[in-house]
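Here you go, one structure.
All chains are identified by letter, namely A, B, C, D and E, in their written order; residue positions are counted from 1 within each chain.
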């Protein structure tokens, strides 16, 4: 369970996150929505240790994790993806996945010189695992391509794939859907559900595609201007006047005028 | 091409009406004689074959995309299908091994991207589509770089469309949120006042309310006679407003039709639009 | 207690020289910072570009002097400056065509360009020595001082003198004017903005109809002008010697970086930080303190924090400290 | 396959160049180039570790090389007991004191709450510490430096075998790298570059001006060697005999033999370091490093402690440079701090790495050999070019001017060759895949 | 001449690098001696002497060693005139000259440390060790009644060694050194040094630097700021450039330069002028001539061009007894030697080799009068 207490993040005079308080229940798939610039990514970045909060606390399973560096959080089981894909461009897609698991034997220099055998075994396992993930994401054909040279959507998939390489406790997904083909996205939705059910991952999902949110998220939190605007089931949120006004809107005005 | 039963002459009729410049003479690219259907569209990327770099493998295979004057054409397809590549090819950002690009009847295959800008093409790439170190306003000004007239009016329109940008206009664009950046990118392209606008996933990461606004605006823009060619993963909304839709798979045309046709096609829906 | 004398001593040996040296560094750093900001690499050939431009100025100055053309109290070299700038511009443009353009087209990494610029540095270096030789050359003329220590003492009857050289005056004024002009140009004009856009995102600049080659040419033109001006002012103040110009590279880079790469204001600030740290930290305060203290008293030692042997070490240490607190320089520079 | 072919071909070409030197000029020259080439290759490996593996822009190579050289003096030169009794221990004491003050300041900074009080306390501590430090340090230094200043004036070394200086040089450089890394590794690209450059200058400044340490600019000459002296060989009957049996005169035989021995020693070191670097690169460790180089933020989010890894590789690369520095000083037989200049000891090494192909160990080694070969051979080449140009000319001022400029042809030729190589393969001769 | 009749001598100087402007004239000086010998046709029955230049870079021991190695092992030089800077000289000596048994005579390496270098009888220098010059300078100052000075020196073995020996000698005769500050050559700005020196004060400023390096920069800044008016200039600072740069501005300044009361120097000056050597009035040109001449004369004396044979003769030809030989008289000297006679080479710089083969160090005291370097006396 993650509890965010009165979190503030200011950039100069601008309050990107302005006193947000929320809790994420273990085992849930929480949706985080809100207009552009509401502070969602900033909130993620603060929780994930990329940004220092101006004030406030983040507590994970009773432990104060505010300000811990990202790599430490990773080892506590807190993973995240990036809204703008952060691939390792000069490495192959498979390597992008294989590098993820922490504490690999081969990451110790000593072993690279005197433990070749054990490393080889470990590598075989990692490779199998990576191929499995690639296959699941339907991108096994790009396994040997450099990650810098695959399509925008494929990069996002890779981003998601990395979180599947380890046993995470909680995964923060920042707009996995943007730029991903819808058919595939809904497959991913199923996968998230499956990971949630079978492995007990907790997910926090930022997404602008309401259908996707609809499919998987139970509690949904809507942020606006750095604060939590509304919280509840998706149905409740959708019915919320403020949310409609700030975020959902009422559909295309010109829709009927098309196709003349 | 042959496996593409949808590539009929829909849309060309419109083009004959909306294209006052008259018909272009269509010269099929070597070895791809079958693509004559789009011969009189405003912008045609015709039977394009090619890939990245001098030696890279072909990404596009005899792929044709076109848009008529004042119409909206939407390209959809799975990730890595070559949609962005097709757009870039149309814009002269990679070398075509085969095929040609024609704008308003003129063969522009050999032109550099800047020259195409001057010819009236505008482009919003999928990634890296803003000047991160420059302020929002400067980004928009750069959009109007080739314009010699007063662009204050256009800028006001862009600010109307995306009010948040007006608020942040003195801020470096690199400090904006993902969706805000996307708005800057589209705003920049609109500033060009192009004759044809190429948008690579303009709505990726923007909130529903802005997306609706954006689509609305795109329709309006199209109705002023500007042709719009866009790639979209929010495919259902996009196809709803599209005059024409292309489905690309592995660098080749898989389905082509009006937006409504494609939306109605159960196979397309299932495989590419998420059911 | 003699505040006036204390101040005069300080001004004469610390403030005036440091301000002048700082301005010299700043104009040099402007060139470096501009190339870094727009073309995105650290140009090692900058010192030798300065040497080349100055060399032409020196040659033309000699020619003018031999023809009896003078500029009154101002150095004749100022008249020769345009020729120097033109020649320098021609050189850098030819270099760009012959060398750098290829790597731009390849989209080579900045570090490759750095190494390439070292190759260019070697070549320019030999070119200059080849033409004018490795020796020191003098070309300064006109009124040397705005205010000389001797005259000052005679005029005021004080014990301490104050020197302000003509070239120091020109340098400081030039530095201020040039920075202001450059700042205005980059931030307010269409061309300037297009240059920044190009440096930010080359592909997108292309898509906005910005002609990259034009941006590059303009950049080099400005750089050539800055390099020649910087080199000439420095040469007038000290002397012209190719090797010294090569050595200038280090403090110039330090200035550009401590100020924040790519930022003209940073270049100025950086120049002053480096100059002042070189001069002040190793300054011996003995004389100043003697004036400040009671009559007839004087400190035993020199009251020097560190010996001048460490002046570079100190200026680099200060640079380090600045960077530790402001990792991209005083004015938030770029990094590639 | 053709890839390996290319590599073998390139190494063969460089080997051929060195052999050609042997045939055309002399085997002594060839071996000398080979020896410095080996050392350069090791330095290039060190830089490549940092830049090619982790993207750390270290332009302070010179400093680490110099520290290696210092180690050679401190380990191998003979001790000077007078200096120790005059003030050596006091100097050490002063240094420890200085360190203690810094540590105390750091502790103070951490322990006290932010505010005016802390600033004042810190300032007071530092000022008092500095004054006390100087009060202990200065007289001791004076005393030591007063002892036979023309020939000594320093605290001397440990008088241990000079081979020991190589690992010690590595350790010394590693220690310095640790301190630097702890403070400066947060900087990026060119900012890190200038910071490391500055630190290197500081190291050189200390070595130049602290005469008690290693005589400063007065240089230490005649360091002991790990190999026999030529003169001794020439005087040894058995050696002369053996040389004669090979049909060589004793002078040539002895010089070749000594250089050959050095070459063997250096080759062993190079091979060990190369092997270690190759193993590390082609392992999960190397993969992690490349990931960090590609995208630090993402690597951090994937649980890699970027700061620690940067520090690790910074120390390793610097240590390698330190080892090479100690080897070089051993080969020279003397330490001359004045000769350390960034162009030769930092940027030339960078040229080696880039021309060879960064991110690739073999490339770095190749670059080391090739660029060193050129650095030495462009001199006669430049001269030759000038002579060829002027050979058809009639005597006159122009011809004289051109011939006088011949020496500057050296740098010109270097520049031209450098540009030619980089034009011909802009990503280096053996690019990273 | 035929192959057996050609003698190659190496000229290793820093043609690029921090003293690159001094070296062309030095090399030309040495080559003047070689040309003279060749022209005389009297060396070992008409051998021609060919100079082979190589770049010592002054600072890069690695490159210098490689260059020397090439000269000896591939060009086959029989002796080396060089190197210039003490650092590279030591390196070449230890790593190339001694192992290969080649004689090396440096015209300008003045570091006291070289006196004790392991040289197997192969190393000589026509420049005196700086240990001596310090003494001379101190004496001159005391005689002039200058009792306190500030000292700045170029930060290398030469400058440091000289400053040390001067400070010791000066203190011994009762003078006060107010401060000692090093300066790095070729740097952009010397305000800091001048500031510190001015604060320390003193009747004069001793500038132990190089005339075309940092030295003039220091003087210029001191004059401009009114910090010092009288300068004390050791050998490295004495050169024609001083007159053209400062002229009457430094009237009353004092200098010393190696040299003995001898016609040699004037004769050399004339020869240089006749040969049209640019910068021929710079430092160490005469020493270079002498160094080359000594090698050749020693060869003649030994009747062999092999270093192993003639190394022992260097001291003989340089010192008494024998007929005094001045510059331009090499032909005469060769003849005397060929006839089994003795010579005492004086040369341009009154060569007198002492101890382990270095110049004894007679010095010429100089004062600047009306903007000209004027010789006051010899000591």
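Keep this in mind: a residue touches a chain if its C-beta (ideal position, glycine included) is under 8 Å from a C-beta of that chain, and two chains touch if they have at least 3 such contacts.
Nothing here was measured: the structure is a model prediction, and the numbers come from that model.
Engineer: Going only through chains that touch each other, how many steps at minimum separate subunit A from subunit C?
Structural biologist: Minimum step count, subunit A to subunit C: 2.
Engineer: If you check the contacts of subunit B and subunit C, which chains show up for both?
Structural biologist: none
Engineer: From the centre of subunit B, which other chain's Cα mean sits the farthest off?
Structural biologist: Of all chains, E has its centre farthest from that of subunit B.
Engineer: Taking each chain's centre as its mean C-alpha position, how far apart are subunit A and subunit E in Å?
Structural biologist: Chain centroid spacing, subunit A to subunit E, equals 74 Å.
Engineer: Distance from the CA centroid of subunit D to that of subunit E, rounded to the nearest Å?
Structural biologist: The computed centroid separation for subunit D versus subunit E comes out at 31 Å.
Engineer: Distance between subunit A and subunit D based on Cα centroids, please, to the nearest Å.
Structural biologist: It comes to 46 Å between the two C-alpha centres.
Engineer: In subunit C, what residues contact two or more other chains?
Structural biologist: Only 129, 134, 307, 309, 312 qualify.
Engineer: Residues touching two or more other chains, restricted to subunit A: which are they?
Structural biologist: Residues of subunit A never touch two or more of the other chains.
Engineer: For subunit E, what residues touch not just one other chain but two or more?
Structural biologist: Expected reply: 20, 155, 182.
Engineer: Can you give me every chain pair that touches, using the contact definition above?
Structural biologist: Result of the pairwise touch check is A-B, A-D, B-C, C-D, C-E, D-E.
Engineer: So in the complex, the part of subunit E that touches subunit D is made up of which residues?
Structural biologist: Residue list for subunit E touching subunit D: 15-16, 20, 24, 53-55, 59-63, 65-67, 69-70, 72-74, 86-88, 90-91, 94-95, 98-101, 111-118, 120, 131, 155-157, 159-161, 164-165, 168, 182.
Engineer: Within their complex, state which residues of subunit E touch subunit C.
Structural biologist: Answer in residue numbers: 17-18, 20-21, 155, 179, 181-184, 186-189, 191-196, 198-201, 212, 216-217, 220-221, 224-227, 241, 244-245, 279.
Engineer: Show which residues of subunit A lie in contact with subunit B when the two form their complex.
Structural biologist: Going through subunit A, the ones touching subunit B are 11, 33-38, 40-42, 83-84, 139, 142, 149-154, 156-157, 175, 178-186, 208-211, 246-255, 257-259.
Engineer: Can you tell me which positions in subunit C touch subunit B when the two form their complex?
Structural biologist: Contacts found on subunit C: 190, 193-194, 196-197, 199-201, 203-211, 334.
Engineer: Which positions of subunit D touch subunit A when the two form their complex?
Structural biologist: Those residues of subunit D that touch subunit A are 276, 279-280, 283-288, 290-291, 293-295, 297-306, 312, 432.
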